[in-house]
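Two complexes follow with chain A in common, the first pairing it with chain B and the second with chain C.
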Partner chain A sequence: MGLVQKRQYYGLLFVAPAVIFFAIFFLYPIVIGFGLSLTDFTLLKPPVWVGLQNYQDLLNDRLFLKSLNVTIGFVLGSTVPVWFISLAMAVLFFQRFPGRELMKVLFFTPLLPSVVVVSVIWKLLLHPSGILSSVIGPIVGQMPIKWLFDLQLSPIMSVVVHDWHIAPFYMIIWLSGLTSIPPELRDAARVDGANALQSFLRVELPLLKPTAVFVAAISTIRAFQGFSIQFVLSPSQGGPLDVNTTLGIVIWKYGFQFFRMGDAAAISVVLFAFILIFTLFQLRLGRSDDFSLS
Partner chain B sequence: MKVKVLLILLIVGLLAPVALAQDEPVTITYWGHAYLPRVALDEEMIAAFMEANPHITVEYETIPSADFFATLNTAMASGAGPDLFNLATGRSAEFYLQGILAPVDPAGWGLESVDDIKALYGSGDMAEGMLAGATYDGTLYGIPTEMSAYACYVNLDSWADAGLDPAEDFPYTFEGMVEVAEKLTIRDENGVITRRGFDFNWSAPVYMMLHFNPMVQQLGGDMFDEVNYTADINTPEVKRVLEYWNNWANEWNLGGPEYVVSRTGFRSAERMATECTMGNWAVPLLEAEDSFAPNYGIYPQLRWEDAVNPNGFANYGFNLMANATSSEAKQAAAWKLIAWLTSRPDRYLNEGGLFQPKAAYLETEEFKNNEIMPVFLDEITSSYFHPRFAGYNEVIEAIMRMRDRVVIAGEDIDTVLAEAEEEVNAILQRVKTEF
Partner chain C sequence: MASVKPYESDWEFEARLRRRIRHLILISVGLLISLLFFFPVYLMVSSSFKSEGEIFAIPMHWIPHEFQGLRQYEFAFENTRLERWYINSLVIAAVQTIATVFFGALAGYGFAKFRFPGRNILFLFILSIMTVPFQILVIPMFVLVHQLGWHNSYQGLIMPGLISAFGVFMMRQFAYSVPDELLDAARIDGASEFSIFRRIALPMLKPAAASLAIITFLFSWNSFLWPLVIAQDRDLVTLPVGLTYFSQSLDREPLWAVAMAVSTMATIPVILLFVFFQRYFIEGMMVSGIKG
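Moving on to the complex of A and B:
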């Protein structure tokens, strides 16, 4: 056996644990999940093969179609705004000003508690006689404000809570991106007469492209998987009237509440396809050279 | 002589396996939901059981109530389910239809027949009613560890604040409650309710089965036929109940889905004046020593003035059931443990707040002198068990959606009822063939 061949074997040996782990805990469930999506399965009786029937049924499934709408709304609300908010926060904290470190810590705190704890706290704040209702109600002339029970307001509050919680996480990623830009480039731009905005748009932003692709991909994947906030914050796990029922909640309901494992698996496959397509699209977009807002 | 020896050896040889089988060690797993007042007593009873039956080891596991059913289902599906479990009556139909439930084995009690076990719960209608939640097609599949019906808890201090005395002013009817609740309700300067006089339990779909449908039944209707898997929703009775709920939230502004769960409201800083969706199990929880422990009284469930049936809200409960897929030895040990755990109804009531409806216990002076149980027993004996069918969760969600379309979205009630009936019948027809 030659040295090169030997090294190849060693290489395989080193990656084997990761590959085995991936195969058992990711690949196998994906394959099984896809298989289940082609069956009627009530959990306790053997699955019955139905082919693509579950997928066909989804086209007329009221709850699935509703949750698709809800999920798309949630993805839009919890990606684009959060990119800009977190970027603005990062740019702010990249500047030097008194009390910056303390402010940074304060801005980071929403990320520290788990999403469940965050949702419970917000649920209390958004109670009809809670503090937010008492403060904002008289200003807008509506008491009580039914934050979580108004059919329009409730999904917006899910987005607000999500963005409030997660923005600091992306802020840190943007900050690391900003930090990695060589300071000479900013200095050069300034010497060439660029103001702060011009320097940001024409020098820093293009260099933040890899960070932007990462933030966009991660936030989109997370948003498509939206579950916990809606589950805890909204009344009766996705209500009222399913305005907070994301695809994740429908999968849980169909699988573990309604015993419709085949339908749940079919929706999981659809969700997987959505995430895959969007992620590939974003990565492809990230490869293009043009990345400047000016 | 040789023949004698051979005969003895033959007898010993025949009996030895029996003797060995009787003492063969067996380990069984028992899953219950984490209702804390019961758990401590369960643990003590199980320890005593293992001492009395040294060849049986019991692995007792409690699971948070909210996760119990999903955990149990998943475990059953993967073949890792427990040998016995404490199952809510609303969740047993799917298990029954899929062959998970083992029929009750009287050997666990050392009795001859299931009728002997039924006799422990009274005779005739009484036994039938008490065991209805564990019976399918005439076969008994479980033993109640908790039999519950709701009555009304009143916060005596909140009533006194409003200048009312429940002994004289408790309304007993839904019609009367509107006026009384208004007197008990406190609103802030913006008109926002800070204390409710009474409210329904709007929080979870299951309550549509436990107090919405019973209100329909009081009027002579019934939304579900659990035998034929049909629903009868677009009826005058359902419309009247739904209009009452809608008026409660929107017209009379006495409560509604946006407020905290009524049970929480009763036992929190709100000090809600009246709560009618708690069984006798609530007593240990209400008497825990903290600042929100209310000074309370218990009154009968509300009924319509023109009710044609005597029921209050629905009867429901939890039953100890054995896993039909466990080995025979484990099932036998499980029934023995079930018999043991249901042998001390006095302790479960006094220490755990759970009513195990055994006839002999109902005859004791202790039970007869219990201050609160007569009210609950009256409710249980005059009310019906909630319907049980496959697709239970899907149906109750559809019924809750029906409620919210009217109460929250303000949709036309006749349209909503017609569509809900169609939707629920479609669900029932589908699950009838699936399970």
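Moving on to the complex of A and C:
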């Protein structure tokens, strides 16, 4: 009996490396992150305590407020359309028809290149003398189209590139949701006289609710972290005129261009608060069963 | 007489026609959209074989007219530190993948198969890590790595991604399925706890480990923000950061064909993983959804 008790302590040895690692490379940074947000710190001199001054300054900080707008715009643009597109594609690829597998692979390809590669490809596509300008330019009667330099178009292009890259990922999640619905339910609805659309809206969609919440929450959480696309795609790391400057880019700018670590840490805390809200929302509504202890 | 096809009833004919039309619609919609999604990737590869002058040809050349072979690739290797960036990315991804899988399995097994005091609170700690994205940690992580004197070094690049909370979480879920009877039998035979883990649990965790290895490799291979801030030395730069040097030049037009060659080079390992381990690849991507 004592032996069995003693054996359980081996578990501590097994988890120790990971736990110690996370204490150093997660818990400690979180603590100094909060701490730094209450100081002025440039890396060169020791931090100077300023209390909540950094947070107060943010309320009047033009770049921060702009980035808050940009981020919310990006979040809306990169969640709502993706939700519908990926669902529509999953429904399409759920049907049986010749050539489906090949088309699925073609549709999946945008997910393979990294975000940076994706952004560089689209930078070429959206070049003023590039293919999209030469195809669409004559239609709208404007040549060349400066997709990435236009203050209205440029943030939309960030959304387009993001959605193109990530839609296949959510398509797969929807598809696995669709596959998990027992076919008998669909058949039963059809026997009862429902057409395809009715059976989809009344039977399948309600059963897909966990997937729907999951896709909505995860895409929102990811979009709040928008950084790489805006950084690489835009002509000047968040430009033109900061219309692509997301919270992630502001953190980078304040931290690594202006070396205002205190302000950058304060913005990180604000971003954390946003993401936490949506994470809690996801845990509550969605797959809370995944996180059960035991 | 037997070879004569019996007459099709009207009903059968109609059903066949309907199916045909349905297939036709599905195929045309599917083809249109999948080609639309595939096009930029095709453009990347085809442009990497074009000459610089051909990149902006109107109308676009679907197949390079002045086929360059591997010239743009050679150019990239000869005129930049591409080889070094490639090796950096590979080494970092390999180290992080091996460590994440090993320590993930170790801790996951520990959480799943032992009841030690503080287990739940420690696991909750690991779970809470998964909800915090790296963007938020980048400033304090940089300060920490700076304090350790590791900025601009391989340790600095590798260490923060050495173990992932998601890896521990995922391996724990799978470690539950290792039968206790098997472990107890080995204990009766006098095996040590670590050798039970290595000889019995680890082999049974292989499929999960394969999925975890693939997504960890991808995550590391694609990571951009951390290498961007931590590696100032050009010889420490990883592939994604190196790639931005091709596209960011403000003063002159980038060499697009070369940039596409480097992009293709950066995507090849991912394509190989996808082709050879498609099942683990997709499974890994799906479970990693929770990683955010």
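FYI, the second predicted complex is superposed on the first by the 256 of 294 C-alpha atoms of A that agree within 3 Å, B and C clash if a C-alpha of one lies under 4 Å from a C-alpha of the other, contacts with A are read in each partner's own complex, and residues count from 1 in each chain.
As a working rule, a residue touches a chain if its C-beta (ideal position, glycine included) is under 8 Å from a C-beta of that chain, and two chains touch if they have at least 3 such contacts.
The structure displayed is predicted, hence computed values, not measured ones.
Superimposing the complexes on chain A yields a three-chain arrangement in which chain B and chain C clash.
After overlaying the two complexes on the shared chain, residue contacts for A:G239 are found with chain B alone; chain C is out of touch. Of the two partner chains placed around the shared chain by superposition, chain C is the only one that A:L92 touches, whereas chain B remains out of contact. By the document's definition of touching, both partners, chain B and chain C, reach A:H127.
Of the two partner chains placed around the shared chain by superposition, neither chain B nor chain C is touched by A:T79.
Taking chain B and chain C in turn and counting the residues of chain A each one touches, the greater count comes from C. Contact with neither chain B nor chain C is seen for A:Q230 once the two complexes are overlaid on the shared chain. In the superposition on chain A, contact is made by A:F14 with chain C only, not with chain B.
When the shared chain is aligned, chain C comes close enough to touch A:R100, but chain B does not.
Once the two complexes are overlaid on the shared chain, A:S199 sits clear of chain B and of chain C alike.
In the superposition on chain A, A:T71 contacts neither chain B nor chain C.
Applying the stated touch rule to the two superposed structures, the overlap between the chain B and chain C interfaces on chain A comprises residues 43, 127, 129, 134, 235-236, 256. Within the complex formed with chain C, the chain A residues making contact are 7-15, 17-19, 21-22, 25-30, 32-33, 36, 41, 43, 89, 92-93, 95, 97-100, 103-104, 106-107, 109-125, 127, 129-131, 134, 164, 167-169, 172-173, 176, 214, 218, 221-222, 224-225, 227-228, 231-232, 235-237, 247-248, 251-252, 255-256, 261, 264-265, 268-269, 271-272, 275-276, 279, 287, 290-291, 293.
By the touch criterion stated above, chain A contacts chain B in their complex at residues 40, 42-45, 127-129, 133-134, 137-138, 143-144, 146, 148-149, 151, 235-236, 239-242, 253, 256-259.
Chain contact summary for the complex, chain C toward chain A: residues 22-23, 26-27, 29-31, 33-35, 37-38, 40-41, 43-44, 47, 55-56, 58-60, 103-104, 106-107, 109-111, 113-116, 118-120, 122-127, 129, 131-144, 146, 159-160, 162-163, 165, 168, 187, 193, 197, 221-222, 224-225, 228-229, 240-241, 243-244, 246-248, 250, 256, 259-260, 263, 266-267, 270-271, 274, 282, 285-286, 289-290, 292. Across the complex, chain A is touched by residues 69-70, 73-74, 76-77, 94-95, 98-100, 188, 190-194, 203-205, 256-260, 390-391, 393-394, 397, 400-401, 404-405, 408-409, 434-435 of chain B.
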